[in-house]
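So that you can tell them apart, the chains are marked A, B, C and D in the order they are listed, and the count of residues begins at 1 in each.
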Amino acid sequence: MVCSIEISEKPQLNNPILIEGLPGIGFVANIAALHLITELKAKKFAEIVSSSFQDFAVLTETGSARSPINELYYVKREGGCRDLIIWYGNTQALTTPGQYELCGKVLDIVQEFGCRFVVSIGGYKKDEVKGLPSLYCAATDLTTLKESLDLGTKIMAGHIFGIAGILIGLSKLRGVRGFALLADTMGMYPDVNATKQVLKALGKYLNLQVDVSTVDAAADQTKKMLESFGLIRNIQEEKKKEEQQLRWFI
Amino acid sequence: MVCSIEISEKPQLNNPILIEGLPGIGFVANIAALHLITELKAKKFAEIVSSSFQDFAVLTETGSARSPINELYYVKREGGCRDLIIWYGNTQALTTPGQYELCGKVLDIVQEFGCRFVVSIGGYKKDEVKGLPSLYCAATDLTTLKESLDLGTKIMAGHIFGIAGILIGLSKLRGVRGFALLADTMGMYPDVNATKQVLKALGKYLNLQVDVSTVDAAADQTKKMLESFGLIRNIQEEKKKEEQQLRWFI
Amino acid sequence: MVCSIEISEKPQLNNPILIEGLPGIGFVANIAALHLITELKAKKFAEIVSSSFQDFAVLTETGSARSPINELYYVKREGGCRDLIIWYGNTQALTTPGQYELCGKVLDIVQEFGCRFVVSIGGYKKDEVKGLPSLYCAATDLTTLKESLDLGTKIMAGHIFGIAGILIGLSKLRGVRGFALLADTMGMYPDVNATKQVLKALGKYLNLQVDVSTVDAAADQTKKMLESFGLIRNIQEEKKKEEQQLRWFI
Amino acid sequence: MVCSIEISEKPQLNNPILIEGLPGIGFVANIAALHLITELKAKKFAEIVSSSFQDFAVLTETGSARSPINELYYVKREGGCRDLIIWYGNTQALTTPGQYELCGKVLDIVQEFGCRFVVSIGGYKKDEVKGLPSLYCAATDLTTLKESLDLGTKIMAGHIFGIAGILIGLSKLRGVRGFALLADTMGMYPDVNATKQVLKALGKYLNLQVDVSTVDAAADQTKKMLESFGLIRNIQEEKKKEEQQLRWFI
């Protein structure tokens, strides 16, 4: 397993917070990250390709090649606010070891830039979502848990699959604090409503002025990306995932 | 494949014995290890996360995240008794190469702390267990075998799957001595009776005063952990495992 | 995953262009590369064996063993023309991580020899091909795209699977420019017509005098190689490949 | 993927020849190697455990643990004869990358001890074997091929699967010469007759006086090992293997 990393700039960052925004349930994290990148004029400083990404390139209508990739952006902020690092991409890794290594590499990079706090975003899959999507949280420690509950979230019970879950686990192991922020979603399309709720809570936590009225643009762009990658919504796959168990020999 | 290791303390240990206690058949090793950690007030000094663990985090009722992890604890003892290292965790690795690397890493660590003797614990699956569960052993060498037979065990015939088996094999290769201690169990629930028998024999070997009357507490805690991980008892899986063969081209 | 590399000669090359020619759809790249190696009297300077190749040897009628292998050849040219590196082989890697590592290793090697431009060749699978096969392109950047469109190609839309796609993706990440050149093919046999179209466009781009009338010899040799490896045309497999998706948790 | 290697002795060897003897079709190589080890009083100098071996230990009737392992033995010879290295074991690696790495590691070791020539042994599976089993060969080069044909072998056509095939391929890449020696076998049991033919040819090549009348003892020991590992003869698996193809995108 190999991660190729290209760091194009080494920004000086003020106690930055990492926000994870890879494609996941309802594409909540992915849309939120893209919206923040656009709104906050975040600047790309690192690209990561893992050997556990897909082995193909996708061609856009303009003939340029688009490959499975992860990217890191930074946002410098004024008035003593903590800076941000946004982890964006068009895929997670295909295998479990690939997921761990990708997450470990990103933590290596952001810790080098002084990051000691992470927020992972996700969708919390429900069969039905009525009214405003609820928010849920989980945290590396009790202090952080309290902070995230103060954003109007409930305590989540169950599993957080994929990078969002690994990020919290590996961060804890490294003494990096953080929380996961999840919104109710049916999870089968890029979910604007769930993303708005997440962005509101995140804005409150980060003391950010985020215009959520324009989230639809980020959702549209995400949809186009999905189409270019020929996505078939595979609900079966997620079901299988839910059934995955720890390896016990009973 | 990557193992992230965090060593939080470097204790001076007196000729320590490693006791393996990962989840396995009947959870005998897992309960026994947890009981010893509690009873002997063992102190955690190392955490290990492997990229071949599960890629999710589990959320507890209190909102804190619990990830697949392995841990090493130490127990310092008085009166010239050999110290102990207890290998505890909530999972084994998901793949065979992952199992070997995890076991190799743990041996690397404990050998650094002077360990030259290992005990792996396990359940020996039976369709029916009547009366007191019997104990079985297997050893890296004849001297050690004799010592373990003196504990009232019988010679085991057959396979020891998973970490318990690999640990004996890799130890032998490294010139580390040790034995496996297994108890009859139906293997389908955290088995208190089997664990008690193992702990009695282990206590005899280690010259430990272990109160086995309180093993139920450790079994309960193990049960809760299982529930939080959403365990479905998968007897099929073990059957498949039994059918796994060496790779011969016949 | 391990790549064994043997570099038998270190040629001084003038700003060389890498031409990828591994077996793929319609064997277009494979035949084209073999034809160029023969016509231009290319000289082998590197051999690569990956641990993700097949684990067998194939025996030829003459009793010599032929193993899965990749090779690099160079062509030195006169009159200030850029030199060429041709990447030839009898297989791609069996796994996605293997593909990435193989491609990364080859890029490592050719970048060491001063290569900053790559051309990957491929077939574009169609159910039916009438008249002259059309050519398609995709590029790492707009300047290169324009250059490849000037060769009479159309912009390709969709996926480029395997090494041809990864090469464009990884090159872009490393700041290496290049384009993919694909020809319509039904893809089920070594396709001479598609290869001729590709070679004509490539010859134009590289300012090469290539005699395409003798491409049949390279196609025959490729066919024989297929037969010695006992190839069964597996159209199912490619279908499965087309259905492969990015890993999203929806 | 990790190989743990323990080298217990560093013998001075005279231009040694490596003889591969892992379990394979008809167990021809395995029995032959065991017989040579016994007859020639070969001395073990290295043990290898790969993380792509099986993750279990097997317990013998005497309570000692037997793990999946590979071993290297040496034989020093008099009268200017070339020394021998015998590669023995109870398994091959479970995965293709594991096979390559194991084979590469063994070549690393034996090349360190001056080995520049290898012989891989195997069975050539037939539906029926009448009379004396025929011998077949394949070689890294024409000179070696001629030498092996002089032993009364025929040229083999087709595939050599597993370590026997990889060894010839990787050796060729490293400039190490050698040949594969295969005997007709139905492949479904430890085949004494096939092994005898191989040993006679090998004895001729190596100028060895091998008593083949006692091969049955080695075959019996191999049978017992099979039984202790609980072998189920899996003819299906080999069939699947035969259908494995190079990875081409057609």
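Observations on the model:
The definition used in the following text is that contacts are C-beta pairs under 8 Å (C-beta built on N, C-alpha and C of every residue); 3 or more make two chains touch, one makes a residue touch a chain.
What you see is a predicted model, and the numbers here were worked out from it, not measured in a lab.
The set of chains in contact with chain A as well as chain B is empty.
Counting steps between touching chains, the shortest path from chain B to chain C takes 2. Distance between Cα centroids is largest for the pairing of chain B with C. One rotation lays the C-alpha atoms of chain A on chain C, and its angle is 90 degrees to the nearest 5.
At the interface between chain B and chain D, two copies of one sequence, fewer than half of the residue numbers in use appear on both sides, so the contact is built from largely different positions. If you average the Cα atoms of chain C and of chain D, the two centres end up 36 Å apart.
If you average the Cα atoms of chain A and of chain D, the two centres end up 50 Å apart.
Annotation for chain D: residues 1, 98, 161-162 touch two or more other chains. In terms of which chains touch, the assembly is arranged as a closed ring, every chain touching its two neighbours and no others. In this structure, the chains touch in the following pairs: A-B, A-C, B-D, C-D. Chain contact summary for the complex, chain A toward chain C: residues 1-2, 4, 6, 23-27, 47, 49-65, 67-69, 90-95, 98, 161-162, 187-188, 229-235, 238, 241. Contacts from chain A toward chain B in the complex involve residues 1, 96-101, 104, 137-142, 145, 149, 155-166, 168-170, 172-174, 180, 243-250.
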